[in-house]
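Pasting a structure here, questions to come.
All chains are identified by letter, namely A, B, C, D and E, in their written order; residue positions are counted from 1 within each chain.
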Amino acid sequence: MLKKILRRVALTLIVLFGVTIIAFVLVRLSPGDPAVQMLPATATEEQILNMRERMGLNEPYIIQYFMYLGNLLKGDLGFSFHFNMDCGALILARLINTAKITIIGVLIALIISIPLGMIAGIKRGTAVDTAATAFALCGQAMSPVWLCLLMILIFSVGLKWLPTQGVGTWKHMVMPSLCVGFSFCSLVTRMLRSSMIDVLQEEYITATRARGISKFVVYVKYAFKNAILPIVTISGAQLGLLLAGSMVIEQIFNWPGLGQLTVTAISSRDFQLVQSILVVVAIIMVLCNLLVDILYTFIDKRVSFN
Amino acid sequence: MIERELVMDELLKISNLSVEYRSGGKVAKAVNNLNLTIKKGQAMGLVGESGAGKTTTALSVMGLLPENIGMITEGDITYNGESLIQMKEKQKNNIRGKKISMVFANPLSSLNPVFTIGHQITMVLRKHKNLSEKDAKKEAAEILKLVGIPDYRMGDYPHQFSGGMRQRVGIAAALACSPELLIADEPTTALDVTIQAQILELMKDLQKNLNSSLLMITHNLGIIAELCQTVAVMYGGEVVEYGSVQEVFEHPSHWYTIGLLNAVPKLAGERQRLISIPGNVANAQMLPEGCKFHPRCSRCIEKCKAKRPDMICLNEKHYVQCWEAGGRNGEQ
Amino acid sequence: MSRKDFIRRMRKSKLFIIGLAGILAIALLCFLSPLFAQFNPTKSELSNRLLEPEWFSKGLGGHVFGCDSMGRDVLTRLLIGGRTSLLIAFSVVIITTLIGLVIGLLAGYYGGVMDLMLMRVCDIMMALPTLLLAICVVAVMGASVTNLVVVLSITGWIMVARVVRSTVMTIRNSEYIKAAIVLGIPNYKIIFKEVLPNVVSPVIITATQAFGGMILTEASMSFLGLGVPAPAPSWGAMISDGREYIATAPWVVIVPGIALMLVVLAFNFLGDGLNDIMNPKNKD
Amino acid sequence: MENNKKNALLRTENLKEYFKISGKGYLHAVDNISLEIMPNETLGLVGESGCGKSTVGNTLMRLLKPTNGKIFYKGEDITNPSKKKKLELTKKMQMVFQDPYSSLNPRKTIRSILSEPFLINKAASGIELEEKVNALAKRVGLEEYVLGQFPHELDGGKRQMVGIARALAMNPEFIVCDEPVSALDVSVQATIINLLIDMQKEMKLSYLFISHDLSVVRHISDRVAVMYLGQIVEIAKTDTIFSNTLHPYSVALLSAVPKIQFGQEEERIVLTGDVPSPMNPKPGCRFAPRCWMACEECKNKDQHLAEVEDGHYVACMRWREVREKTAGQAWKKGIEVEHE
Amino acid sequence: ATLMGCGGDDSASGGSAEEPKEVTLTIGSNADQPTSLDRFVNVGYGCDDLDYLIFDPLVNSDHQGTYTPGLATEWEVSEDYLTYTFTLRDGVKFTDGSEFTSADVAATFNRIMTDETLTDTGAWGNLESVETPDDQTAVMHLSAVMPTFYDELYRVPILCAAALETDPEGYFITPTGTGAFTVDSFDQLSGNTVLRRNDDWWGWKEMDQEKTNVEVINYQFIGEDTTRASALKAGDMDIVLQLSMDYKEDLESSGYKMIEVPSDTHIHVEYNCAKDALFNNKDLRIALSEAINREEIVNSILGGGEVATWPCPSSNLGYVDNGEGYKYDLEEAKKLVDASGYDGSEIDLIYTSSSFIRADEVAQAIQSMAEEIGLNIKLEPLEQATFTDRRSTGKFDLILGAFASTAGDTQTEVAVIIGFDVFGSNYMNADLTALCDQIRVCSDKEERTKLLEQVFQLEMDEMAPFSYLYSPVYVCANADNVENYHIFADGSGEYRFVQKN
């Protein structure tokens, strides 16, 4: 077990190492001199040179990379010139906001998609199934931009139920969460449907029924646990999609989360911040995947933690 | 033996059963006008090639044909005189696992991989015996011990067991409530010879001890000879020959049964050239008219092509469905 | 599966037919649009600013879907923009499929270092959401159609490579590959003649399913200002530019939005249809 | 014995095949196997699942590189052949696989599958190729229309015929048959067995016939080798092995087969426990933990094949006791129901 | 304190439900969200708006040249325009309770003089020292004349010296000021700020306007126009700033009030006049200018605004109505292009989308119009950093840009931007440079006006370095129960006396 954990940690480190390289290269390739950007437009040559020296920009790239890596290990994510703040604090605060809508969105998505997917899979070929499949297909075909705009048009401008943007009460979270969860919801519906269909054809389901367990219990208790497995597997990777979607959604709903921060950082070419965001996102993704794997081993004992 | 058979009453009676699978516009007639009777305490073997409809018959009895695909088009199945087909789902649930149990062919796929084997056995006990979790566990441990699995392994998952052990778990789950009828669908096909021997010994013992009836489905004629008193040979969804094991194996009367026996290499005696049955295994989607076996039969006559032969009684322990059989039996 | 069988199943799959018909119709309309389009897609005609759809008043002759905020015909831009979107998605899918196919084949067949490296690259790429990486790269390289294709390709091939790799690994262990080796067929021939034909169908399915995703990604990037540069139309940019007018001139957003959805839907249909047809597990 | 070695068509010497399982050590799939196959002879190889039968076959076909040991073909060392030699050998040594469903490429027609061996050896092309393929199909009893079909359109028996035809194309001298009939129905099985026997007669072939079905092995083999956990425990002429079984494992194997016989209730030897894992095996007789007559000594002492009678090798020091104990068993007398 | 705690947070927006009596005014702004409340770091009207509420300047202004007492009750200037003496208001207290003294004034200006990381302090380059003879007096010494002294002065919020010293980092997050409102919370990430009325503010008594009834101002930054507009319609906002005219009809018909303020911003096209650059050719410059239909841009894209007829807006110093303005003549433009030998190569037009409203569409319109006369323009919307980089290295042909005058006086803009070629047009003209040098040291308004007129005429004749297009209007909208606030021509607003009924 210890060996496996170590192996896993090593793999994780390799991934993070790769990500830091990508992030570093991106920043070095980006146009504009970071030193110039740190200073006001009126800065003199001398000031710029001093700043370059201070920021270590005169060192060879390799040295710079390891300096950067060293800082990272110390927990120093660098300084955002656009926000005039430490990246670490900035990202953390934004991350919490993104986590809020993402978690709520995912929960809503699960609450809707799990029964829907299961019923569609069980009642394959019926009207319920067709409706669920149509919903799922449309959901996946909808561009998040378009979805958000429609939602605003309907719920804020039309019905005046929900605030259009910003933070504050729970009402502010409804639309961003729904938008974040929407494509996930349709994906889970679809996957659950097809895995339910697969599972119901398995011999062990027939075997369970042959032991006199009622259909309902078999579906809800036994088949469900098997059918959910593929969804658990993909949910780690789905997090990436959710985060990507949140860039657009947070922008539209003016939700001060990581996605919006990313867009701001990119559009203001605050590459130090972009770099840190990439690393943080990678860490989150890796951790979530790890979590998913652990979760998976709990549900499915066949796969050992690897 | 004859006397015993006579006093035994009918436990399960399948009469005139026809089952079809319909999917994608295709119809497979898996079982055709099948008649079968299993008496209390009796062990019956059901043999036949792949696709003969053996599993379908078993599933029909259990009421577990795949929904919307497999359906019973004709006939009836009665259990202790009660029609299983007309029975409500709830009632059926009370019979399944308690009165009639089933062991499946593939020990790996017939156990749910994400539940412990302990759970898979206790769930039967809790359902049918209304036991508390604790009592059920205790009893499950007893049953597992009976099939030779120590109780400390109850918390393990199916993949942690070998094929033979899994099949024992399957048998334990089936026998948990001491059913009156056990249907075993090729319980040893996926297992090694030595493991198969273990399972067969186990089943023999259990059946003796519990005095339950057994419907043993298999390809392997040897298993039937060892385990059963009566045998039914299936071809193309029909029972073509039926009788006591010794009768049928020593005096096979249907050309299909004869072919089958000739095609199997023997473990002893002269090594003779095998005689294979010509043609292809019957395809449930296009069964021929008349005797289902006639396209492959070397003794086929016009009558065979046109009309399905009736089941004729050769003696009280031997029935066969062949136009020629009566005469041939006379020859012997 | 034989060709005959394939065609038969194809004919029977409603999803496939609807998807294919939809895509063909849209693609034809888009790519043939220069032949019949009456308006210049990029030239602004400020007097026509936010002109309402003229479907009713002028029939098909006028601005059927109205005009956008620069007075350009929405339909024309939709068609020309569709060409760009489809072209980008198409190029990306082709490039990623080819790269992914080659790498997946080699990694899956030979295993070893190649496989190890591929898996690590996958891990790294999987740790960064595609869109995030793509917009970072575009921010560095600048937005243009070529750059978009490059960026989406860089991030997209992993998926294909993974699918191919896992398929190849199962095929590799099958007995017909053993038979080929035993017959003395050299490795490269085995890869091309025995393995490749069997990964084609999962690859095609993945590719069609990726198609829709690419179009959506391109749209999201346009929204974030990192898509096809103005005034060249693309659907994402049309939605993005039009969002200011959603309340006052909704057609500017709704039309490209629906078009986008239909195309992606059609590709999803096609992908699912192909899956039904080609997946041996799904018997009729 | 020496004579045998010289004349053997194929011979292995202390063949070993270990698989490295990461984090666990070595899996001794084949451990120290020496055997020879004579021209025009069928050697049956039986044993339980996972005992290494297929691995022996695969190693002989050089699908796997032996960890240790040597393989000789007609006295020539072919353990590590040159590229040219390899191609040459593929003509002489062929293989028939277990699973008729996965041994044919689903995307190729039967004709193109059967053309492969000719093309690769540049043996024919154009019309000549077509004719050769037709002749080949005819030889194994395949109708010509089958050539235009795809594997999934055929039933298991036909597919296996294709597999056999493919192996026979270049007129080989030796064929490894890895459980060629175990996936088939009884009636089809008979067809395939007959075909194999006919081909052997016609082409003077040698077979290594792998199976776990003792009756099939008995039917087709000249000699039989019994394998247990990567090692051969007994090897002898077929009749000898079935009538004078000397290794306790072989005895158990034989007695485990359900037989059609009435009237004689026999004592069956049922092995307890499961097939153990070949991971890092301990020294001592590998069968000892399950053996019905094992003693302390067995558990500690490695057992080696020894010739106990003419051509009958056993890897058990207590074979004499085995012979005594099983002397009266019914299955040894070969009683099986005779009908008609 | 941060606003980000949603749901259970007791900050103003969340708390309004529990205390319905509290009057809250919500303002939706689109200016770049500030990361602190320091206007010398966060340039833009958003931070200005907030600073006007939180702090007081020494001198208040209507942003049009009229100055009224602020923290200084009286002030005088020496003959040579180099020494300014202020008498400070008595009894003013910072919100932390400390007394306002001349030391605070000194600290405020010393920071401007010494802190190199601040932006927008260029105008104060001539400030030499601040003297504090006593608590009530502050004296500022200049090294050279600063014609726009008062216009810069009202934009300098007076900070609290003591608080600034104890926590220079945190000061601009929760600043202590003397102003009409105090900061309840400022969210560094979104820039959203909640302000609470300072009932002790001196101005409620001293300035003769009615005290506001608004207790809380919630100032939010929302980038998306649509979102801002629909937020107003959904009732989330009381005032939204900087809308486009497109919303006018819709909002007015739903009962919202629109305010249109002519701005001091002048949008221009800048030519790269470097020697080997395409637009070194004057004819081409004229051609492009003549190809642009300013009227159409203003009327259709913007829906309002002033078409440029002169290099400054009509309300500004130095404006001359020459009767014709910029010509629109496609025929002539085409001829000029044909004659110039232009080979159809790509012309880079760079701009930043966010620098003024509808920049993208204006750029597209220009591109389209230039196409008519055969100029092949390629649009390159850039973000600020790259834009500045490209501009300073001369990697462009055209720039679509804007600058605004300060309080209607274009002195600084003309003298600095044109005089020093800050925008990198590479346009060389000795006359122009000489004129600009003069303007920079000219404190006399009349004389300055003359000089400006000369510069503008030169610009007009040479069509360099800029051709002007238009001045936009600032369009703001408010719910009909809000009144008495004012938007200035520079985009910033006066909300101290706003009333919400």
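By definition in this document, a residue touches a chain if its C-beta (ideal position, glycine included) is under 8 Å from a C-beta of that chain, and two chains touch if they have at least 3 such contacts.
Not measured: the values here are computed from a predicted model.
Under the touch definition stated at the top, chain B and chain C share these contacting partners: A, D. Ranking all chains by how far their C-alpha centres lie from the centre of chain D, first place goes to E.
Overall, the chain located most centrally, as judged by its C-alpha mean against the mean of all protein C-alpha atoms, is A. Per-chain CA centroids place chain A at a distance of 22 Å from chain C. Rounded to whole angstrom, the centroid-to-centroid distance between chain D and chain E, based on C-alpha atoms, equals 90 Å.
Centre-to-centre spacing of chain B and chain E amounts to 90 Å, using the average Cα coordinate of each chain. Computed centre separation for the pair chain C/chain E is 45 angstrom, with centres defined by C-alpha atoms. Shared interface positions of chain B, i.e. residues touching 2 or more other chains, are not present.
None of the residues of chain D touches two or more other chains.
Counting partner chains per residue, chain C has residues 225, 243, 246-247 touching two or more of them. Put simply, chain B touches chain D in their complex at residues 49-50, 162, 164-165, 192-198, 200-201, 219-223, 225-227, 245-246, 249-252, 258-269, 271, 273-277, 280-281. Within the complex, the chain E residues that touch chain A are 2-4, 6-7, 9, 13-14, 17, 35-36, 41, 116-119, 122, 187-190, 192, 220-224, 226-227, 230-231, 233-236, 383-386, 388-389. Chain C makes touch with chain D in their complex at residues 1-2, 5, 174-176, 178-185, 194, 197-198, 280. Listed in rising order, the residues of chain E touching chain C in the complex are 224-226, 229-230, 233, 244, 246-247, 249-250, 293, 296-297, 299-301, 353, 360-361, 363-365, 367-369, 371, 379-381.
Considering their complex, residues 42-44, 46-47, 49-50, 69-71, 225, 229-231, 241, 243-248 of chain C touch chain E.
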